[in-house]
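Across the two complexes that follow, chain A remains constant while its partner is chain B and subsequently chain C.
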Partner chain A sequence: MRYLRLWRLFALTELQFELAYRVNFVLGFVEMFLVVGTSIAAVLVLFSHTTALNGWSLDQMLVLLGVYYLIQGVVNLVLTPSFERLMEHVRLGTLDFLLLKPVNAQFLVSTRHLRVVRGMDLLLGVAVLLVGLSRMDDQLGLGAAFLFVLTLGLGLVAVYAMLLALVTLSFWFVRVENLLAIFWAFTDAGRFPVDIYPGWLRLTLSTVVPIGIAVTAPAEAVVGSLTVGTFALLAAGTAVAFGFAAWFWRRGLRSYTGASA
Partner chain B sequence: MPPVVVVRDLAKTYRVSERQEGLGATLRSIFDRTYRDVPAVAGISFEIEAGEVVGFLGPNGAGKTTTLKMLSGLLHPTAGAARVLGHVPWERAHAYLRLMTLLMGNRTQLVWDIPAADSLRVLQEIYRIDDVTYRRVLSDLVELLELGPLLHKPVRQLSLGERMKVEFAAGLIHSPAVAFLDEPTIGLDVTMQVRIRQFIREHNRRSGATILLTSHYMDDIVALCKRVLVIHHGRLLYDGGLADLAERMAPHKLIAATLHDSAAGTDLSRYGTIVGNEAGRVTLRVSRAEAPEVTARLVHDLGEGLADLSLQDPPIEEVIDRVFSGEALPT
Partner chain C sequence: MIRAYRALFVAGIQQAAQYRIQYTLYVLFSVIRPIIFLAAWAAVATGQGGRVGDFTAEDFAGYYIALTIVIHLTTAWNSLEFELEVRQGRLSPKLLRPLHPLHYSVVENIIWKVTTLPPLVAVLALIAWTFGARFATTPLHLVLFVPSIVLAAALRFLAGWCVASLAFWFTRIQTANTLFDRTAFIFAGSIAPISLLPPILQTAAYVMPFGYMLFVPAEILRGGVTASVALLLIGGQVLWLAATFALLRVVWRAGVRTYSSVGA
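For the complex of A and B:
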């Protein structure tokens, strides 16, 4: 509860800041519409040549795309800005101040900063998702809706965990922007169902860069093709990833504060 | 009341990996690292009572900042123990963090792009300060630091001095009982240094907070601290009053003799080492033990020719310099 209140305050503070730069804010919106618009257009063009992509119909693809932008939205809204600042803090030594606050340090570095305009991805994602859902023949059952929320949550946690682990590397290497760039390059692949990719890439998108499975699983939950295997993989993978990331973060902190020396 | 800070044989040794120059050596070092132990703090002990303002003196690399970082909880010591307000600092218990603050003159905890007022609001929530207390503390700080409009400008638009004032507000908004100040006046102009000093003194008087501060500026220490800790090469060289420091560490005194025209040009070198001679005012350096006798002899020998005579301790900067350059050691 306390942490929710804190987060709301972080968000309000950052929103005020962004509103102070109105042109930037508006441009951010325009950029988002262009990015999402072109990727929808690409899917439409694709489906003007075919009716199904590895079993995925156009409507189902829209649902998938919606989930993709929803997850990207959360990542861009909170995680990217916060983690970028974290790396800066490590470089400048100002992380000291965050570590001396009576608040869970992992929470603070993961959520302190937001780029509100990036939350547009999230809203557009929801919109695309709803369009896709409304065009599907079947009504969305309660069970499917529950599975959707559950897998979406798991997927988000998995992506968060991998990002945290990557950023934690900056305790040792200080500059890890290039590693992050590789991560982002892979996330682009997440806008298509993970099962259309060849084995090695599917594996990568389900493990090291879990965006693939994080996007595909919720979409499958909605369209009714989620298998027990995929769900089990996602659930177990998320638990392991989160546990590892939290451990790795504490390990990194110890190295930063020199406990091991 | 028990001491606020208790430090026993505290030591910190950094392990630094040694790397030769060149690409080949760099690649080799990835697999086969050689380490070198660098002792930053080599076993120091002291206590600080509630409400004291203690100055931490030492040249760069003496171990001041490392000690402050251990006491604030950022660094784990290699050996030894410390308690601040009954807490082991490096456990970083939230109960402890709420009671302390660390301010660094060369780093900022404020967010550059937003006004400090917003950062302060976030701090209020982080430290769970109720609205009434928050408003009272903030208005006190605004008054003492003359913050006025500064809080509502983005931090990036503030001058260095203004930023430091706002930094103090951010560091003290939760009314910490212990404050560690690392070079709080670094880079500031003289006027601003004086203002910050006045603020620290007044804050200490009003709040009774215990303050441990490091500074390169002797004026800071002289103005604020009755007691100083002198640290050099990680060891504590001196712990005591500022006034006694000169006595213990400087084996000599200065005698300034101003001569009338009638006696001008008299050679005073037989009384002591002449360290200054301008406009009829001669400064002599004599050993502490001989000082009274030399003074008496000067008065006797020069008689009417003497216009003024004073016996002084050498400037504290000079004493410290001599200590750090290894010329004088505590007796």
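For the complex of A and C:
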């Protein structure tokens, strides 16, 4: 509860901060519309030549794209800005100030900063998702909806764990941006169902960079093609990844030497 | 001029040698987006009984590999840095030097492409093997590819500068850049070979400059067009290059006159 209240406070201050530059804010929205709009156009072009992409119909693809932007939205809204600041703090030694605060340090560095403009990804993602859902023939059952929320949550945690582990490396290495760039490059691949990729790429997208499975599994839950195997892989992978990332973070923190040390 | 260029090249290569790993990584990333659409089209082709239009899955592989090479050889990012240079006033010392700022960009650009070509080719070979890429390239195609890629690189470079020149008037041009990138994303041949776009978009793509930056040289390199069609498309490249050059001259002159560096 206390953490939720804190997070609300973070969000409000960051919103005030961003609203000071109003034109910037509006232009950011325009850019997101362009990006999402053209992505949908690309999918429509693909489907002008086919009715199914590896078994995925157009409506199901829209659901998948919606999930993709939803996850991207969360990452861009909270995680990227916070982690960027974290790396800066480590480099400058100003992390001391955060560590002294009476809250869980991992919570603080993961959620302290927001880029409200990028929340637009999230809204557009939900919109695309709803359009896809409304065009599908059969109604979404309660069980499917529950599975969807569950897999989406698991996927988000998996992506979070990977990012946290990557960023934690900045305690030892100066230039972690390069490693993050790898993550961004692979992120792009999440816009299509993970099963269209050749073996080695599919494996990468479900394990090392879990964006592929994080996007595909919730979409499959809605569509009704989620297998027990995929679900088990996602659940186990997320648990392991989160455990590892949290441990790694504490390990990294211990070797942090601070500003004047 | 030649002496100036030689000096710039030497300095540039020394700089590039410092960041070898970073350079290699960036190249590997640039490959991922084409593979994404290659995988999607290959899936469509397989689902449609082997082909989409004139393309089989192997043709798609050939096309997207050619496209990746073309993207690499024609990349121009200097215009993105230009916004910062104007906003922070870093352009001022460059304007005082006897060389046009454009020349620094040209050198930087060429060095990057040459030094990163080997890792790119290695990755593309792996992809060609994974997807069983097929090329219909003849020696004539290769001959035609040379002028086509040079024209495309020049066109992309100058067009980028036209967009960047907006920074003289507006301090934040990122939206303009996004608009440019996303229009190119649809019409340059990234999401699909232009010949597979729906009719209206296809006409638009042949009228607009974007296809002449990527699709045209890629199709020639893959051997997807006959020599006469290739010549016609190269003619289109020449026209767009001339138009862009004229536009940039006008915009640049007007822009430098408006420029008052920050802090001056």
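A few remarks follow.
Just so we're on the same page, the second predicted complex is superposed on the first by the 256 of 261 C-alpha atoms of A that agree within 3 Å, B and C clash if a C-alpha of one lies under 4 Å from a C-alpha of the other, contacts with A are read in each partner's own complex, and residues count from 1 in each chain.
In this text, a residue touches a chain if its C-beta (ideal position, glycine included) is under 8 Å from a C-beta of that chain, and two chains touch if they have at least 3 such contacts.
Remember, predicted model here, so these are calculated numbers, not experimental data.
In the superposition on chain A, contact is made by A:Asp96 with chain B only, not with chain C. Once the two structures are overlaid, the count of chain A residues touched is higher for C than for its counterpart among chain B and chain C. In the overlay built on the shared chain, the residue A:Pro198 is in contact with chain C alone; chain B does not reach it. In the superposed model, A:Arg5 lies in contact with chain B only, and not with chain C. Looking at the shared chain after the overlay, A:Arg22 reaches neither chain B nor chain C. Of the two partner chains placed by the overlay, only chain B lies in contact with A:Thr13; chain C stays clear of it. Across the interface of their complex, chain B is touched by residues 2, 5-6, 9-10, 13-14, 16-17, 92-94, 96-97, 99-103, 257-259, 261 of chain A. Those residues of chain C whose C-beta lies close enough to touch chain A in the complex are 21-22, 25-26, 28-29, 32-33, 35-37, 39-44, 47-48, 52-53, 130-131, 172, 174-175, 178-179, 182-183, 185-186, 191-192, 196-198, 201. Listing the residues of chain A that touch chain C in their complex gives 23-24, 27, 30-31, 34-35, 37-38, 41-42, 45-46, 48-50, 52-54, 175, 178, 181-182, 184-186, 188-189, 191-192, 196-198, 200-201. Against chain A, in their complex, chain B makes its touches with residues 12-15, 69, 72-76, 78, 90, 92, 94-95, 97-98, 100-102, 104, 107-109, 113-114, 118-119, 121-122, 125-128.
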